[in-house]
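Shared between the two complexes below is chain A, which has chain B as its partner in the first and chain C in the second.
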Partner chain A sequence: MSEIRLQIDGKEVKAREGMTVLEAARSEGITIPTLCHHEKLEPFGGCRICIVEVDVRGWTRLVVSCIYPVAENLVVRTRTEKVDRIRKMILELLLAHAPDSPDLQNLAKTYGADRDRFEKEASFCIHCGLCVRYCAEVKKKDAVGFIDRGIRKEISFIPEIAAKECWNCKECFPLCPTSYLQAAYVLTEALAFPSSSSEAVSEE
Partner chain B sequence: MDMDRVDQIIDKHRGEASSLIQVLLEIQSEYHWLPKEAVQRVSEKLQVPLSRIQHIATFYKAFSLVPKGRHEVHICMGTACHVRGATRVLDTVQDLTGIKPGETDMDLKFSLETVNCLGCCALGPVIEVDGKTHGKMSPAETAGVLKNYE
Partner chain C sequence: MARLNSPEALENFRKDLLSKRDPNTPCISICAGAGCLASGASDVIAAFNAEIEKQGLKTDVDTKGTGCPGFCERGPVVVIYPEEICYLQVGPDDVPEIVSQTIKEKKVVNRLLYVDPTTGEKATQESEIPFYKNQERHLIGNNIKIDPKNIDDYMALGGYSALAKALSQMTAEEVLEEVKKSNLRGRGGGGFPAGRKWEGSRNAPDEPKYVIVNADEGDPGAFMDRALLEGNPHSILEGLIIGGYAIGSHEGYIYVRQEYPLAVENVTHAIKQAEEYDLLGENILGSGFDFMVTVHKGAGAFVCGESTALMTALEGRVGEPRPKYIRSNIKGLWNRPSVLNNVETWANVPLIINKGADWFTQFGTEGSKGTKIFSLVGKITNTGLVEVPMGITLKDIIYKIGGGIPGGKAFKAVQTGGPSGGCIPEEMLDLEVGFDELAKAGSMMGSGGMIVMDEDTCMVDVARYFIDFLTDESCGKCVPCREGLRQMAKILTNITQGEGKAGDIELLEELSETAVEASLCALGMSAPNPFLSTLRYFRDEYEAHIKEKRCPALSCKELIAYHIDPDKCTACMICARKCPADAIVGEKNQIHVIDQEKCTNCGTCFEVCPPRFGAVKKISGEPVPAPIPEAERTIVRKSKEK
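For the complex of A and B:
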């Protein structure tokens, strides 16, 4: 695999072909914030918080670094005024849905995002898809998926699969930036298979 | 429920995962909804996870995961139909069937939906029952049309 040289925030960075800008930056210890990215999962590009500025053939463009491939001589800037402004806006929009998410609040501090800028519509899930994709791609269980679309989109457990698989796994729980996932699981359990976890506890 | 029919539909598409939406559409038009057993069968035979099917079945309005009536009534609420009195037509249908848009009556006779422009504005107000278009509807005519459905 050929080596690619690019520049990130003024620093010369070496990367392998096929790497994303995010991977190249991280390998050099340059931080780019992410919400929907996970090393074990296929690139998704859903949240857009990882947006960066690049120069391609004399043009400045905004690209999504977790899916944008590195290229020879690419010039990347991860913290310009414009980038910061967009990240702030994304955070403010997400905070209207999940105002108490620690991940969002940490980022909000960095980018000066105002938690109360938009009217709250606490749906808690920010549609990062980490839970859905982790269950499908890594665990291959497909116990949780999305339903509906647009503003009504939400996650939904398949009770039959969740009853069998989730109690002993729960690997997706820490991935969720808002804890909504745990809540949805407990609700599913309470509604669809209320006895199973108490049985599991009493067996232990 | 009769799984043979579901199997027939799946076999017709050689059990290919790429035919998922087509298979679901045919089941939907056969039963007027996607019964859980049918969806599970499709999932097994097409090797598509239930969560994926559930996402698709809730994404497109053409699918329903709850039983629908034998007859689907669509009332156009588009601009042209609106100014020509679609609201009165809708009121009439609601009164006669006792259901609101998005609902199905207890006898599973009618399901009611509103739509935005059926593409034949000159005929407004327009209603569509089981895909058949009825134009220039007055409340009285609407009642007459609905009478024809059992």
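For the complex of A and C:
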């Protein structure tokens, strides 16, 4: 693997070919916020909070660092006025759904995001997809998935699979930035497989 | 069944076909496109078949249901060959007269001809009608001559000769060079040069490679691709096969929305016929080139018109765009080099190969060559599909071809580029139509939607409508689009309902920036356009709504009131009887008054008040005048005084 040199926030950074800007930055201790990123999962590019500014072939453009590949002599700026403004807006949009999420609140402090800028629509899920993708990609069970589209999109446990697979796994729970996932699970369990779950517990 | 195993066999087959077709045999072409079918074309076709049988002409006359020639406003359209007599708005009752007069007696039925509204002159042939006369119809011009279910009709017009030429006389590189030289740009929205896209795939190392037709036309009011796919499916197939040859692909897909059942049916049928003729499959025309095509039906998501979402859907997964910074012509379908072009782009390819890039580039502007089909809809006299050379002005399309605005209303704006396009105001009507020109004006070419709006259209409400549409069609994967558009739709709805606040415009601008700069795919990146372009040209309307709670176009229901002018009301009782809310107080000889408490602003009174009285008024941003005192309501009529 050839070594690639790039510049992040004025600092010379060495990276391997195939790495993303986010990986290169983190390897050097440079912080870029993320909400939908996870080392074990394929890049998703959904939350857009890891947006950074790059100079590429004479153009300045905004890209998401969790996907954008490193390149020789690439110049990256992780905090510009515009980047910060967009991150602040993304946080404010998400805080309308999950105002008490600790992850969002911490980032809100950094970027001066106002948790009350938009009218509350407390659906709690921020659609980062961590649970859905972890279950599909790491556990290969597909016990939780997205249903519907766009603003009506929700996570949902598939009762038939969840009844068999979830009781002794629950590895997705700590991934959720809002705790909504646990609620969704408990609700599914209560509605769809209460008896099987109590049997499972008694077998333990 | 003919097996065409060489270019010579194809030409011999064509000669044979033409020799069997007497050009003097009368042929009745009836448009069986979506618009005409909706106006009853299938009854007309049935009536012709029955009448011809009845008059004993079955062996002497051909009838065919064809693709859409574009003049939907006056459908069902019937053209009679060889004289090319064009009859408009033909109903089943007109059929016996057409058969006995035009077919038997060779006489023209004058009452079914086009009448020029200004000169009163009648036009016998299609080419004399201003709607057609000012077009340049290379792509849809043949639609009325072709029964889309009959490959021989396409062959008779020179079909598949471009494929034969490419395979037998040109190397793949030469085909690619010709397309590059033509500067054909993608007709689906992006306007990316097709030749460069093809070259990228051709040079990409991975195998196999794919060519794909994007027939997921989803813009409200747009039906260009539908008309081509339904009316002349072989032209698209021919283009696709040539594209496959040029980039070294042996597998093509047609991604067509299932809401176009006739397009699915016709293109599936066309593939079968082309296979039977050995124009698809192994060793096409004896060239050694193999190519096959599969039709894939889309499940009805607007976002699947976006290239990476379309490919994801083709792979059998949820149609959401991919977060990648590598072009799909390098890594596309199943991560292989994939050329995705729109229906109309592919349909241009046989023309470029047959007539040459120089022929193609004679039409258009510096940056946009060839012709473009637009779907001209909205407040326009001649609704339909128009094919025009790039570089024509918007004014010429709207007035010369479209016949201007109906009902004596004033033009206000034209929305181009589909839901994420922009609105262009009157002072820019001299703008030449082209990819770069429209983008500079804050709109875009898109796939060719063109919605004309008159003075009664509220531009804030237009922005609200399109942002609403896009919010509904957002796939929901990324935050700037899913959440940003949701908030934009809310704010715009508030403004149109009189609940706009100071700071709303600035907040909308900030949300737009986030969507444009940070969205995952082109849907989100372009979604704020309807807001941004209407703000750019009609800012005063936004301000009137927010500051004065006034809708200048008198269109937003929550911001207007209806009022009866006591000086004009003749107490005819029409509005009072029609009012569904019983909100009109009045009787014979008593001037009518609207009870504002009961009125629901439905507008029925406004519509039914006879224009010669014009007593019902819409008002906005000002208080409703107090009703005249009951004592003064009695109308004393002159006739009664006598």
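The definition used in the following text is that the second predicted complex is superposed on the first by the 195 of 204 C-alpha atoms of A that agree within 3 Å, B and C clash if a C-alpha of one lies under 4 Å from a C-alpha of the other, contacts with A are read in each partner's own complex, and residues count from 1 in each chain.
As a convention for this text, a residue touches a chain if its C-beta (ideal position, glycine included) is under 8 Å from a C-beta of that chain, and two chains touch if they have at least 3 such contacts.
For clarity, every value in this text was computed on a predicted model and none was experimentally measured.
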Touching partner for A:Ile158 - first (chain B), second (chain C), both, neither: first
Which of chain B and chain C A:Ala136 touches, first, second, both or neither: first
Broader residue contact with chain A after superposition on the shared chain, chain B or chain C: C
Partner chain(s) touched by A:Val63 [first = chain B, second = chain C, both, neither]: second
Touched partner set for A:Leu93, first chain B, second chain C, both or neither: second
Touched partner set for A:Arg149, first chain B, second chain C, both or neither: both
Interface residues of chain A shared between complexes with chain B and chain C: 146, 149
Chain B residues within the chain A interface of the complex: 49-52, 54-55, 58-59
List of chain C residues in touch with chain A within their complex: 301, 318, 323-325, 471-480, 482-484, 486-487, 490, 510-511, 513-514, 517-520
Interfacial residue positions of chain A with respect to chain C in the complex: 43-49, 51, 62-64, 67-69, 82, 85-86, 89-90, 93-94, 96-97, 118-119, 126-127, 146, 149-153
Residues of chain A that touch chain B when the two form their complex: 132, 135-136, 142-149, 156, 158, 160-161
